[in-house]
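The same chain A turns up in both complexes below, where it pairs with chain B and then with chain C.
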Partner chain A sequence: MNQTIKSPQLNLVQLVALGVGVVGLVLAAAGAAINQEQFYQSYLFGYMFVLAFALGSLAFMMIHHLSGGAWGLAIRRMLESATLTMPFMALLFIPIGLTVFGDLATQHYLYEWADPAVVAQDPILQAKQVYLNPNFFIIRAIIYFTIWISWSLLICKWSSDQDRTGDLGAARWMRRFSGPGLVLYVLTMTFAVTDWIMSLSPTWFSSIFGVIFMVGQGLSTLALMVILLALLAHREPLASFVQTKHIHDIGKLLFGFVILWAYVSFAQYVIQWSGDLAEETPWYLVRSSGGWQVIVWALMLFHFFVPFFILLSRRLKRNVQSLMIVALFLIVMRLVDLFWIIVPEFETGFSWLYLVMPLGMGGLWLALFLGILKRRPILPVNDPNFEEAFLHHGH
Partner chain B sequence: MTRPAIYGLMAEFDSAEAITKAAHRAHEEGYHDMDAYTPFPIEEVIEAVSPRNTGVPFFVLIGGVLGASGGFFMQMYAMTIDYPLNIGGRPPNITGWPSFIPITFESGILLAAFAAVISLIALNGLPMPYHPVFNVPGFERASQDRFFLCIEATDTKFDRRRTREFLQSLQPRQITEVEP
Partner chain C sequence: MQRYEQIEPMEPIIGPGQTYATITERISSIPLTDLRQTPRGWLVGFAISFSFLMLFLISILWLFARGTGIWGLNIPVAWGFAIINFVWWIGIGHAGTLISAVLLLFQQSWRNSINRFAEAMTLFAVACAGLFPILHLGRPWLFYWLIPYPNTLGMWPQFRSPLAWDVFAISTYATVSLLFWLVGLIPDFAILRDRAAGKLQRQIFGLLSLGWRSSSRHWHRYEMAYLILAALSTPLVVSVHSIVSLDFAVSQLPGWHVTIFPPYFVAGAVFSGFAMVLTLTIPIRKWYNLEDFITMKHLDNMAKVMLVTGSIVFYGYLMELFYGWYSASAFEQFMVLNRMIGPYAPFFWALIVCNGIIPQLLWFKFFRQNIPFLFVFSIIVNIGMWLERFVIVVISLHREFLPSSWDMYTPTFWDWSLYIGSFGLFFTLLFLFIRFLPMINIFEMSMLQFSENEKAHGREARRVQLAGDTPEPAEMA
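Entry: the complex of A and B
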């Protein structure tokens, strides 16, 4: 019963992803030669898009170890495989980390607080230097990745132990680590987003900013899980385990995260709009003028209203194929949302690199992720809750 | 088919597995007007004996839409037509819409929740001071350790003799005719 998944479709997806990734890599290198500034800016955008799948999976994996539930058993190996890409994500972070040092810092392609000349003229940035300085920026990034990598490796290791030995202690260890892990996830995500995205406009601040990214990561991850289930749920050994109600549960979670995204995104807006303070409003003023207002309306309509009303349907949430179309659409909208949050900060305007980066990085990531997924048994059959979920058809 | 003078036929089972099987069999047999009485909710039994569409979601949607639009336009009317008031520089006209959204959201949730509870009670015909199933001897054990399946006489397939034979084939502890 302890089998890996075999699917020609999956192999094809992996091959195409690898192809797109390699072509993306070549184009990105060409882009870097043509315009370095746009290379780094689009790199950050693509990076945040891809990172969402790995980190969202880490969060859902830990939530599942605490909450239980058959829906989580159905996708646990997919979540685990996604978190195992974390060392790769740490590697991909290096170019972003490099921008705060030396020549790259004085060009301030990304972070103007890293440029001593800018800081020297700005008393606010001088006051913030205790936190926003290149060395501490790198130290913090190392701390985030250490936590993310060790948690994903530890939990996935215990999960593999459980597969081999059926040891009940493994489940206890995974649960024990998931509680503190979730607290650490929320803390590190809040600080990481503050460092990497919020500090692009170093005088602006919002305390819900990290939550907006976390919800976005949850949404990206759930959408990916829906797509994987649509590709794989009819194949053994998943076919004899995954039932319509598991799909329905994941569909409901997806629906919930669509609403949650609108809730937190609007919460940030309405607070800053009501406050009407000079240090807060510029962030929104930039993002609602000069053509960006079109994206604001598109986000309201297609990131919330359209998927909200579509996902109201119970029948659709129980049909994995139609749910997959909504999931693909939501992944595109995640790109649009991140684009709207990150890119208005840059003055260079649109470039083809903004398409190449998320596609190329996403392709490489997907190929790696599917490679890991194919190598590991697709169902945690030795989980103490597995038999119950399987026999009594629990949620 | 003669019009039976009873409410239905009640079969009593020992276990959750037995009634799950029985409910599925009755559903496959084509019975619609039936209900199960169990000490705890069993999802599969609910799916087998209940009508596909309970009607509640429709009322919840209506409640939500009415609540949200009612909340929004109430504030719109109060703040822009009835008594335009500039609060902290927030414009007393349509451009001030973001400040109306929290109330819109809350009133939408409120009316949707009301619609859910009220339509649930109304569609179930509650309050209901009398119900025939309580005429079945030992029915109080439905809240302890027995599982009951009642096929009601209103079902088009219901036939006193044949339905009894069908229920007998499910091997219940006993079958009782439910007095109306």
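Entry: the complex of A and C
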């Protein structure tokens, strides 16, 4: 029963991902040599895109431990494997952390507030200096990653223990840690997004911004899970357990997150646009002029309306192959959304690096993630709820 | 087998020993009781509620005679109790829709014993809520000007204002909730019609049951209609309170202009709604011996919903404070300070204790399953949610941009009498409901009983299987 997944398709995907990752790495290095500024800016963009999968998985894993449900058992190992990439994500954060110090800070490739010369002339930045200063920025990042890494390692460790020994205590520990873990996730995510993205435009603020990112992470993660199920659900041992209704549940969650994304994004827009305040409106002015308005329309249409109407179909949500097409499409739209949120802040214009970074970083991440996934048993067969969830074909 | 024993036992969502007959008998006997045998406790409760309703009517009469000057409103606090009470009542209404529509779509069968009750509560809360904005109009008799219609004055509502959206959102909400409730009652009306002893009772319930004969075609259409109504109601759970939050958030006032408002208002609405459901069901299940239908499992689940929504609300408070400070805007930062150490600071800190800190106790099963605690807790949350609106409305307004126009707000007797009087309306309607209509869905409980029986059989079969003998997994399926 305690099986790992074997799939030639998965090996192929991993190989291609690794290839794309390595090529991306080389190209990124070349990009850094040509234009450092664009390297860092596209790096942040790519990083936020990839981080979403790891962190979204952490959140869903903990939600599943608290809420239960067969859908979560079906994808639990995939979520766990994604969270286990967290140390790698911490490593990848280093270049972003470096930009707030020394020469990189005075060039302000990313964060104006890290440049003492800029701060000296700006009373608002001086007022925020207690929070927005290089040292505290790094300390906070260390706190975030410590929390994320320890929670993912701990919960995954108990999960592996459960596999080996069938000990019921492990389930209890996972549940006990998931509650505080979720609280910490919400808080750390809020502040991390404030630090890394909101502070790119240091005078702007919005209290729903963290929620927008959390919803985006949920959406990215669910889309990834759908794709994995499409690739693997017909193979043993998943094939004997994963049923249409589990796919349907995940499809419904995906649908819910598409709506939620539109809801929180629209809430921020309608409030800030109606308020028409000098601190806030420029954020939208920049993002709705100079060509960016095309992306606004694209987001409205393809990040919400099109997937919304497609996902209304019950038949589609129950068919993992068609659901996968929507999921792939949504992952592309996640890129577009992050691009629209992050990149208008920079004045350097478009560069091929904006394509290379998410692909290269994503490729490396995917290869690592699939490597972890392949090594661990694909189903938590010793979970106390496992039999109830999969053997009871009831109502 | 060893392992199976260790798994926590499933808590029942329907008490042991209940059969289809006892379910029908127990629930339908309450509305069918002869008028002369009305329980004395009910009469006392109704009389008290009714006297508060009279206070409400007197307050309205005086308001119509003298105008809103009888309230403590003035510039800068031009929105006072009326708006606080409006938002408070409409928030309470949200539990009904959430329980009946959203939990239905999520196939949470435990909702079945509390949905009818919560829906009724929703309707009565919306009735209370809807009155306050109308009473707040300077000339309430012209309330129909809120509705867009071509008129000789050439006058239209301001469609860009969320206050105009409120009119549509709440009237839609009230209509759909009423339909949902009535449609759900039809099969039960038929049961009451068939069991009624008196002729008049039989005729009334017969009329209400719309000729229901329990044919399979009736059931088929009923299920379709119910699901469609549920799907229609689901967006309303979110839309109504989002729009209410926009009433505040589209302004420029610090403390109102907050982007987190829509999701946190929705969470707060569900939070307060479940608090009210707990406040009402805990005594009622005791008085009417309904412990088998509203079990510990229900209370535990409701407490969990409150833990989640309460934590979202607390997150909202903290984010308001943090981003108020982070904005580095003098007005925003002053708003934060004024909340924490201004003249109304005790209200703010009471809010943090009621809605922020105490709900965190629900992480522990001990508190979730402690009925006296839950009852007290639900009242604390009701108070906390009222304080939340007070903090938002009054503290933000009373010291706004211009220090020269700062002033304190003191509610008058008529502010209080209208608020307390609205409880009279709410509880009068509620007492009438529990006396004359089936407060628990009879046929859904029977269906629940059926599926629980099935599950019990399945579990028994698995127990046998895990013990080592017989059936093959294939047969199980």
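To be clear about the criterion, the second predicted complex is superposed on the first by the 392 of 395 C-alpha atoms of A that agree within 3 Å, B and C clash if a C-alpha of one lies under 4 Å from a C-alpha of the other, contacts with A are read in each partner's own complex, and residues count from 1 in each chain.
Everything below uses one rule, namely that a residue touches a chain if its C-beta (ideal position, glycine included) is under 8 Å from a C-beta of that chain, and two chains touch if they have at least 3 such contacts.
Only a predicted model underlies this, so the values are computations on that prediction, with no experimental measurement involved.
Under the clash rule set out above, the superposition-derived model of chain A with chain B and chain C contains a clash between the two partners. Once the two complexes are overlaid on the shared chain, A:194 sits against chain C while remaining clear of chain B.
Within the superposed three-chain model, A:97 lies out of touch with both chain B and chain C [touch as defined at top]. With both structures placed on the common chain, the touch criterion links A:166 to chain C but leaves chain B unconnected. In the superposed pair of complexes, A:179 makes contact with chain C only, with no contact to chain B.
By the touch criterion stated above, A:205 is placed in contact with chain C alone, chain B being left untouched. In the superposition on chain A, A:314 makes contact with chain B only, while chain C stays out of contact range. Contacts of A:274 after superposition on the shared chain: both chain B and chain C are touched. Touched residues of chain A were counted for both chain B and chain C, and C has more of them. In the superposition on chain A, A:127 contacts chain C only, with no contact to chain B.
Shared contact residues of chain A, touching chain B in one structure and chain C in the other: 270, 274, 276, 393. Within the complex, the chain A residues that touch chain B are 266, 269-270, 273-274, 276, 312, 314, 393. By the touch criterion given at the top, residues 3, 6-7, 238, 242, 246, 249-252, 257-263, 311, 315-316, 319-320, 322-323, 326-329, 363, 451, 454-455, 458, 462, 473, 476-477 of chain C touch chain A in their complex. On the chain A side of its complex with chain C, the touching residues are 124, 127-128, 131, 166, 168, 179, 183, 186, 190, 194, 203, 205-211, 263-264, 267-268, 270-272, 274-277, 279, 384, 387, 391-395.
Looking at the complex, you find that chain B touches chain A at residues 43-44, 57, 61, 88-90, 98-99, 101-102.
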